[in-house]
């Protein structure tokens, strides 16, 4: 996720923002060359050139904008749902922390409480690593003892197993008589919500937008942009390459942002800052037990990027 | 469901993606022939030809795009709701598994637990077969004993009966004193959610978009595309067949994708991969009891398709 | 509700689908006559005719499409919410059936269970008749004994009274010691959901879209269509009647579908098939108690219509 | 709220519907006069007149339609959310009535039950009067005894205090041993929902759409309409005043409807019929206790209006 | 938040509303100068000037409007969700107040009740200050005793710690035997909802719209507006500066409103009136215990602004 640097309307026009530009640079160059070709053709070989004018472009242009807009809406909805799921995970973490330190009547520095909250943090990190296909060993080792870490790593779906361990802790507290069935059930419901977050993230990750949308939109957008110079040359002459690159930029960059947001858990510049969100959640858990060893908040790098 | 193969923007223009194309190939061919006819007519028989120009097309074109876009949004919402229902089913399966192995205090390899989790898996498969009008016998026989399978197959709505059996198991555990009413009620609520998934899928399956939308949009889209060459011939001459096929492709393929997504439980290329989702859910259930006999994950076939 | 008959893209162009067409036939005829008048006028009395050209039509056309689309979205949302409410009613019926036969420990053929499930079915039928302003006597008499039927018919809102009877049954079972307060509360929550369905249907039925939308859109759409021939005649000449009827058809039929869906409980072809949904729910209830006397599923009539 | 009178498509064109028209009559007249001015200017003083043509209007027209449509969607969503909140209030009223007469085991004509249901009705009326800034004394005096009425009227937020009284009644029944904590908690949850209705209505009432939207849209729409005649005069000549009034009507009336719906609790023709909804809710409560003194349903007045 | 002053349609055209105008004044001035340049260039140096005409503007204009509209929808949704979260906080505050004074059986002026409700109010103020990066000391000192205030101020996330204190109070009441587990659980659920409000606000604050949208839209909108005069000059001549500033105003102001709403917790004119909402919530809490010392309602300042 790129953090918005403060700026004025004027400087924002020239802000260096590579995140999407680099994905459309090559096709924009092709478009520019086609614009030059159109200029050259209209003066030197006009009778060989296709008889295009802006009419079909206005016919298809609005339809294309509506369709691109649909894909963009769908992808942004995926992004925002993913963010909401991660937010809900932080909420549950805080709820569980409050639950563990008030209802059980255990002191804040009780090892059982610490282990339970570490399991919650481990769930968050394990989910992050599962969604990014990376190795959770280091994150888990920092939080849990070695044997349990090995146990978790052996499983197919690590967050699911961590939830199971956590549930066993809640049930154990109930069997120790720390609370009755009603509060147990209330605690288990929080775990069910964590599980729903896990399932929701797997759903977004595992089911991209139907591929036919991508293919159809990709083809129509690029074909539209490729023909554009030949449609504009008759009306705006020498300005064709510039204007056609501008229109192509709007369409292609819009298309490219949507592609980045489609899988919001990836590692691209506009994706969610899962690492930073995980640390935030761990900090909230640490605060709940007045811990001293707060992990430092992640700061954006020199490209204003937060991972 | 077609899985997105990794590719660049350039190769994506030529990726072979038959899923929607084959549905619009015939009308596109007709459109191309009409384009040739318009070219021929404009030179050889211009006084016989309808006096069309692009004006009415720009009048109706935007309206058409907005209406096609409505239908597309509605169909995609059905698709995504269906996916969310199946995701919710997996969540409940995991919740029930955690419930059965922590709250009842039964060992993970207890036959009652195994039977309960097999009933959950059987619910998933029975729903898949009901939604696809296929025969669930093999899937059920793999999970449950013969008599129960016969019992299930005799019913009108198999998943409903499986839920009933599952509920009887939960109530039985309560009567055995394994947990009290509060946890029983918590378990039953999970079954109610499974039932809501069943009902939601039946709703999406049983109530397509009002038919009048289909008829109206089909007629206007095809009529629009059929007249298009005669509207463009005056402005772009010989390029008419190509450009008119391009515009028709955008509209017809968009219309066709929506038609595929309308019943997301079908067997068409862009429909939900119910078989693969069922196996995923069964794997999650198996992991919960540390089972060794995990069913292998389904992999996409050579057309990148997941069923 | 019209069930979609299987067909190809080609035959679908000519499918006889009277549902919406008959509502717009008269205005389309008027539009056609205005088109002929425009053709006649442009050749015989051109100096008397209004100096129109397509410019104002493209100005207002897009705005009109956007506004028509808003009304259509709102009406479809009402339709789909109504369908979802009826789906939720079926879910609750099944939940109540499972509840009655597993938690109470009564046999499936116990008269109390039968009466409770009949009350659920009676609720569904009573709601259907209330929404369609028809007489529920026959449906109720088939399910409940005569005195209770008279009792119900005396009330202002019959479904509300049926819920009350059902709630008394659930409370009675609790007082008989069949279950405790926790399960009673769980049962009562299902009745609250049924009540929310009743309230939701009353809301949709009792509050149509603000009337000003209808009047405004009706006037602007019809005025637009009436002027259209005079705007097109200068550009497309003899093709005017045909093309203007085509454009008018798209706008008016779209407007008409939305009008049908606005009250989804009516008896028009695209409305919800309440009769069929009621029977489906009764069948689900019957299956739950292994009843033999399943009411037969309603089949679409010769016009593919399901009521 | 205006009730839709039954009519045909033809008579609907001429139906007298003053609700919105009277708000746009003055600007439409100005627009008509500007149209006449444009006609006069184009013949008598064409060299003094601004050189306008339809080009900028088509540039800004679509954008304007999209922006007007956004505001309209947002205002309609407020209207429908408000209606849903009032619907939810009726649902809770019925739920509480069923609760009071089945769970407490009190007879239907018990004074405590009557008082509780009167408190629910008083909540509804008090909310109506708060939202419309009117005096609730008469409505409350009809339902509650004098001292309590004075007590309520002294408070800042009357519905909040009524809820408190109701909650005390529910708690008292629990202390009398009529039900246990579980059913009490279930009753209190219904009051929390009533409270959420109160809060939701206050939110919609107290936070209109950001004012900047209104100012921006108002200015651009009116400026657009004022310039329109001068843009059209070159293309459609004498038809300018008529056509420009038609286009202005569509935009301004659309803008005006949205303004009416923005505060759905007002007293304008398209606002919610709070008086009628309150009576409906009271009738539902009366039916629950088989009361004879049903308040008569409010009927629309001669302008088809329901308040 | 700017409160809507009552006005007529005519005076509204000239209402001084600086909130957004001041953000677009500079670019509008630049646009006006470019318009003058275009007028000058078209008469004095027409052969040096780019050959533009309105064609590319109509191609890109609609697409731009659709994209601007997407960003606006997303930002408004953030604004409204934030408002709904604050509304939900007020609901919970009232629920907790009713809970504390009816269920615990403590008198309204009991110090424990007062402290609990002050903690709720402190939560609201602490959240406001966290969202606006301001110092909560004064607000907290007014409500809580000094030691607790210091304790709260030491924490990283103050509202989280206040919730913890509140939860300890609810648990303490349960341990004192004032209510059982069921009502405790019901109280804790309200705290979980307050926590969800905290998390939701942090989510909206911490995750702006992906930055790429801002950059892309900013560039395309400003570039579009800068080129506009040169596109219009050929069609509307001397009217160019005026009309082009009008079109630019619509696009840029729309863009600017969305930017203000994106972070609805800021201190800009159209942001949420957090100070006023906090006082409203405190007033509701004070009313619940019949307190005399109601904080006065905040009134809009001379610019109709509510903070």
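Residue numbering begins at 1 within each chain, and the chains themselves are lettered A, B, C, D and E in the order written.
Keep in mind that, in the parts below, a residue touches a chain if its C-beta (ideal position, glycine included) is under 8 Å from a C-beta of that chain, and two chains touch if they have at least 3 such contacts.
Model, not experiment: these values are computed from the prediction.
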Contacts common to chain A and chain D (chain labels): E
Shortest chain-hopping distance from chain B out to chain D: 2
Given chain C and chain E, the chains that contact each of them: D
Self-contact between copies chain A and chain E, residue sets same or different by half: different
Between chain D and chain E, centroid-to-centroid distance (C-alpha), Å: 24
Separation of mean Cα positions, chain E and chain B [Å, integer]: 39
Multi-partner residues of chain D (at least 2 other chains): 58, 62, 64, 66, 182
Topology of the chain contact graph, where touching chains are joined (line, ring, star, complete, other): ring
Chains listed in ring sequence, where chain C comes first and chain D follows it: C, D, E, A, B
Of all residues in chain B, those that touch chain A in their complex: 1-4, 9-10, 12-13, 15, 17, 19-20, 54, 57-58, 61-62, 64-66, 68-69, 72-73, 76, 79, 83-84, 87-88, 90-91, 94-95, 98-99, 101-103, 179-180, 182-183, 186, 232, 235-239, 243-244, 246-247, 249-251, 253-254, 257, 260-261, 269-270, 272, 283-284, 287-288, 294, 304
Chain D - residues contacting chain E, complex: 23, 26-27, 50-53, 55-56, 58-60, 62-64, 66-67, 70, 74, 155-157, 160-161, 163-164, 167-168, 171, 181-182, 184-185, 188-189, 191-192, 195-196, 198-200, 202-203, 207-208, 210-216, 218-220, 222-223, 227
